[in-house]
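One structure, pasted below without further comment.
Here the chain labels run A, B, C and D in written order, and each chain numbers its own residues starting at 1.
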Amino acid sequence: MNHIGRLFQLSIYGESHGGAVGVVVDGIKPGIKLDKEDFNKDLTRRKSGSIGTTPRIEPDDVIIDSGVFNGYTTGAPISLRFLNTNTKSKDYSNLVKHPRPSHADYVANVKYDGFNDYRGGGHFSGRLTLGIVSAGVIAKKMLEGVEFKTTITNLGGETDKSKFQDILKKCVDDNDSVGGIIEVRVNNLPVGLGEPYFDSCESVISHLLFSIGGIKGVEFGIGFDGVDLYGSSYNDMIIDNTGKCKTNNNGGINGGITNGNEMVIRVAVKPTPSIGKPQDTFNFEHNMIEELKIEGRHDAAIILRAMVVVENAIAIGLADLKLINDALKKNV
Amino acid sequence: MNHIGRLFQLSIYGESHGGAVGVVVDGIKPGIKLDKEDFNKDLTRRKSGSIGTTPRIEPDDVIIDSGVFNGYTTGAPISLRFLNTNTKSKDYSNLVKHPRPSHADYVANVKYDGFNDYRGGGHFSGRLTLGIVSAGVIAKKMLEGVEFKTTITNLGGETDKSKFQDILKKCVDDNDSVGGIIEVRVNNLPVGLGEPYFDSCESVISHLLFSIGGIKGVEFGIGFDGVDLYGSSYNDMIIDNTGKCKTNNNGGINGGITNGNEMVIRVAVKPTPSIGKPQDTFNFEHNMIEELKIEGRHDAAIILRAMVVVENAIAIGLADLKLINDALKKNV
Amino acid sequence: MNHIGRLFQLSIYGESHGGAVGVVVDGIKPGIKLDKEDFNKDLTRRKSGSIGTTPRIEPDDVIIDSGVFNGYTTGAPISLRFLNTNTKSKDYSNLVKHPRPSHADYVANVKYDGFNDYRGGGHFSGRLTLGIVSAGVIAKKMLEGVEFKTTITNLGGETDKSKFQDILKKCVDDNDSVGGIIEVRVNNLPVGLGEPYFDSCESVISHLLFSIGGIKGVEFGIGFDGVDLYGSSYNDMIIDNTGKCKTNNNGGINGGITNGNEMVIRVAVKPTPSIGKPQDTFNFEHNMIEELKIEGRHDAAIILRAMVVVENAIAIGLADLKLINDALKKNV
Amino acid sequence: MNHIGRLFQLSIYGESHGGAVGVVVDGIKPGIKLDKEDFNKDLTRRKSGSIGTTPRIEPDDVIIDSGVFNGYTTGAPISLRFLNTNTKSKDYSNLVKHPRPSHADYVANVKYDGFNDYRGGGHFSGRLTLGIVSAGVIAKKMLEGVEFKTTITNLGGETDKSKFQDILKKCVDDNDSVGGIIEVRVNNLPVGLGEPYFDSCESVISHLLFSIGGIKGVEFGIGFDGVDLYGSSYNDMIIDNTGKCKTNNNGGINGGITNGNEMVIRVAVKPTPSIGKPQDTFNFEHNMIEELKIEGRHDAAIILRAMVVVENAIAIGLADLKLINDALKKNV
């Protein structure tokens, strides 16, 4: 349930207000240069700080408990851990009686019969994505030469990037939030990653992406817009002996397998469900609809911090598919 | 790679022109009434026949090799097999030299170093979906009371269903093809299906859906259109003590777990890549771009036959999640 | 449950008196020469016929439904199927009321609430081992150069092989049965197969071996007899730079990983539980102990036919471990 | 590789001289009372201290990083961690050049191309069993009412327990070591745990047991000694309508499934490979056989500390099988 991967494997754990969140990563080749500093860039990208992100600042220093020796991976599992240092001891029990809409509060309470750690979202907290980001750093090291370009192509319905700051400012002012679309373009992938049927590139990558809170849509290549095209326009004609295509409506994947063209993935991120604006929603203690005012300040646009999470989730899937493909290649 | 599921499990095999295609289904409760006739309805829905579908007619009678005794499931794996009877012995080797665009021909040839069975798409053939459809019939039996409604909401960019026949006819006349959007609505699901992180409803279901050839997008609830909404509009306010919501932008899933509201899933199906229209694409033997004319007749709109495949893939995921949820419930 | 393997994977299905038994094998490299004749040798070794084996003769011709094209593996899953042709239509329902001791009859009836196929042992039948044997044939092809030597070192307590025929004859005459010990020696394995912790050679191999009916003990190297030795005698001193050891008490495995010396595995096979001799055991219909006389003739020494099953189960485990080790090797 | 389990899952990590060793446990029902004190009993049983055990004393206090809230399990994964506090900073690099016989030193160096953490056995250290012991504590909580009795039935070839102290003393005096046989008897198991074929009780349990360092044999019931019996003596006659048997040669398991009788498991533990006595073994730097003198003091009989590891590994397997069996029971 909190584990994924066939060879390159992750086990995620933690809660927002517990001792730590972390991930155990397995299936790592030995001899890869790796130290704490390698995580800084992506962890910083995930951090809050800019307009539209929560002011809860945690140092988020990675603690490497195993699997690295003398600056190189050993081949044994790497345990990566992050302390929860900024856990305010306020009372969250009202979230059980008066669950936040669009959050996991209600379903978690039912599913776990009231035993779930509800503080700050508990195991459903966005802090769990620290594990994805840091495991993704290792995955990228396994994908030498592969390049990721990640952008926001739509924020709150707006596609003109020059207007994004205005939208964020308006959200903060209104105690509201926005979602948007993240696009990841992956280059320098070989032909052949992805396995027929259940380990197709799209299957493995979407599985990882949809485990990230707030992701409600995933598409490859032209995706949903492809419905406007007839087959004769949609089909990507091959134009040279490397498999390069004239168009890239398939987003670099045919039959679930990379075709050597740019991989294109877009994900829909819903607006941050926690907003400062009061909302009318059910209070299970009072058995009636009541206004809920969520205290504290929150990310007006979690999408800003989700960019690196999405990118690294994709890297994790590709690292696993690369190992599988390497293992099953014809003997020469 | 051709296996999926934690408890309710599938192993898929077969090629378009081999002896048979089939699936081994495991993790089935004993004592479920099941016989060959139970498969007819969904297998018929998958069959070609209507306008826009291929005239290759196979009887597609299911052969049950194991796991059913005296009309009931035994608890042992059920092997379901379909003979390939309509395999014309024509020469397909040109697909290796002159691969069809948007198909797996090229990537399969590279990945398997030329050893793949290329006849009729081989292991990448749509015939493999017989396994998904028939396993889904069993999955639905494990989901007593759950209801599926599956429709096409968009065909070739058109959303007015009264015009669908015209579009299909035009495609057939033009030797072209169209894609579209399939929407599945699932009702009567309990609260609590889906596990945190990697076994979220969206993860498990998208994994299955993206293993179906031609699916290039999956979204839940309002999906990609949700980017136009601010959080205050997007959030689904709970209105009673059963968890019922005023809106359903989250499509019945919060934090990866069913919330008791209708589950809503939409998938983008690309236009059938095989079209009669000539296409300019690379010929690897002649090392130049040449016109490719795909012989025979094909589905102008594979989406028509994909409806039941999509629906049953979803049922398979839900059946597995139900077993997991049942197993991990608090002891009473 | 009926599936195993990380990359080289098996899904087993079938019952003694159903339509067929079989296995779907996945994770096979493309380009391996394979045809029906390749299975004959090992299938013949599994067949009954010699003294001490059942006279139920089935042709046991393998049917290859997928994954092989033009005499070579394609990289897609291979479905191997065996028809059940010799299923006498006698009444087996007495086994439900009066279960055979040391058989699965009683536990299957409880576990599956009476819905299990009880005819001839159903899913627990030894016929299921056809899948292990035939999958093992493919595994051996993935293990080029590796050699297996399999012998019976103990039959009914006797270790002098010249007396085995007498023991078998006595068993047949007495309507009784014997067990024994099978020893497999594997040579030409590289150093490095097996993964730390849960994918140790011993773990993976014992898991497969104990899935075979009637196996009640597995040991590696000197095994249980090693308790008589002090560490200074037990330890295998390395004597050259290839890792060759003076002794081989560890049976070619250290820390779960092959060390390049001969792998030595022994398994204890219990006496065939079905015997002609009358036995006093509980009759659940009459609610009292009653004499049970098992009709028909049976293997007096199933161990004879188990030899190739054991050998091939080991090959299956090693093939998977080889793929994993190949995938996770340091990049050069 | 370092992960196991279908529903009740473990991910193990750590090295002897790294920051910590630990385990992430998933698939735990919510609402189980659990706190740090629950681990003390079994962790103490694993500790060194008595004659024959190493004097390296670590506090081995468990740190619970997640999954427990207000003294109860939440349903989320539980991360259990143990600090490595007693890691002397001596030079272990000689183990690379002059590997200890019967240890993983040599194979790890080859497999990981020299990048493995060789200090104190690294990832192959017995400290990793802290994860098994502590996960087993949780497993036992999932197995309410089930009872485990674990004894040493053979120490260094001796079965008279009154002589065990003499053997241990002699080993310590001689700088040598002994192995032996651990027997675990499990009572109050229901009929029906274990799945056909690859999830048989014996398969799942042996897989876990053989992942423990130094285990070289596993047998169930009468095990290897059963070869001396004819079928008519071996078969366990059922004597009442609860399935109770007159004898228990099958050790409580038929067809891989519990039959309600006592489960009996024995494992062969090899003598601790690290001994103080000098040993002649290969020095890869000098390319010749040389005397190796292993510094420090070691467990003369690791079997003493292995008892609780073996017991808890069995509990882990049974907890997983119980969840699976619960999930797949016929609906009532």
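Here, contacts are C-beta pairs under 8 Å (C-beta built on N, C-alpha and C of every residue); 3 or more make two chains touch, one makes a residue touch a chain.
Note that the structure is predicted; figures quoted are calculated from it, not measured.
Within the contact network of the assembly, the step distance from subunit A to subunit D comes to 1. The most distant chain from subunit D, with centres taken as the mean of CA atoms, is B.
Rounded to whole angstrom units, the spacing between the C-alpha centres of subunit C and subunit D is 25. Work out the mean CA point of subunit B and of subunit C, and you get 37 Å between them. Once the centre of each chain is set as its mean CA position, subunit B and subunit D turn out to be 44 Å apart. Residues of subunit A found to touch two or more other chains are 1-3, 12, 27, 30-31, 75-76, 111-113, 115, 123, 196, 324, 329-330. The part of subunit C that touches subunit B in the complex is made up of residues 1-3, 9, 11-15, 18-22, 24, 26-27, 30-31, 63-67, 69, 72-79, 81, 111-113, 115-117, 119, 122-123.
Against subunit D, the residues of subunit C that register as touching in their complex are 1-4, 10, 12, 99, 101-104, 106-108, 110-113, 115, 123-124, 128, 154-157, 171, 174, 176-181, 191-192, 195-200, 202-204, 206-211, 213, 215-224, 226-232, 234-241, 243, 245, 249-251, 254-259, 268-275, 277, 279-282, 284, 287, 289, 324-325, 329-330. Remark: subunit D residues 6-7, 27-31, 75-76, 144, 196, 323-324, 326-331 touch subunit B in the complex.
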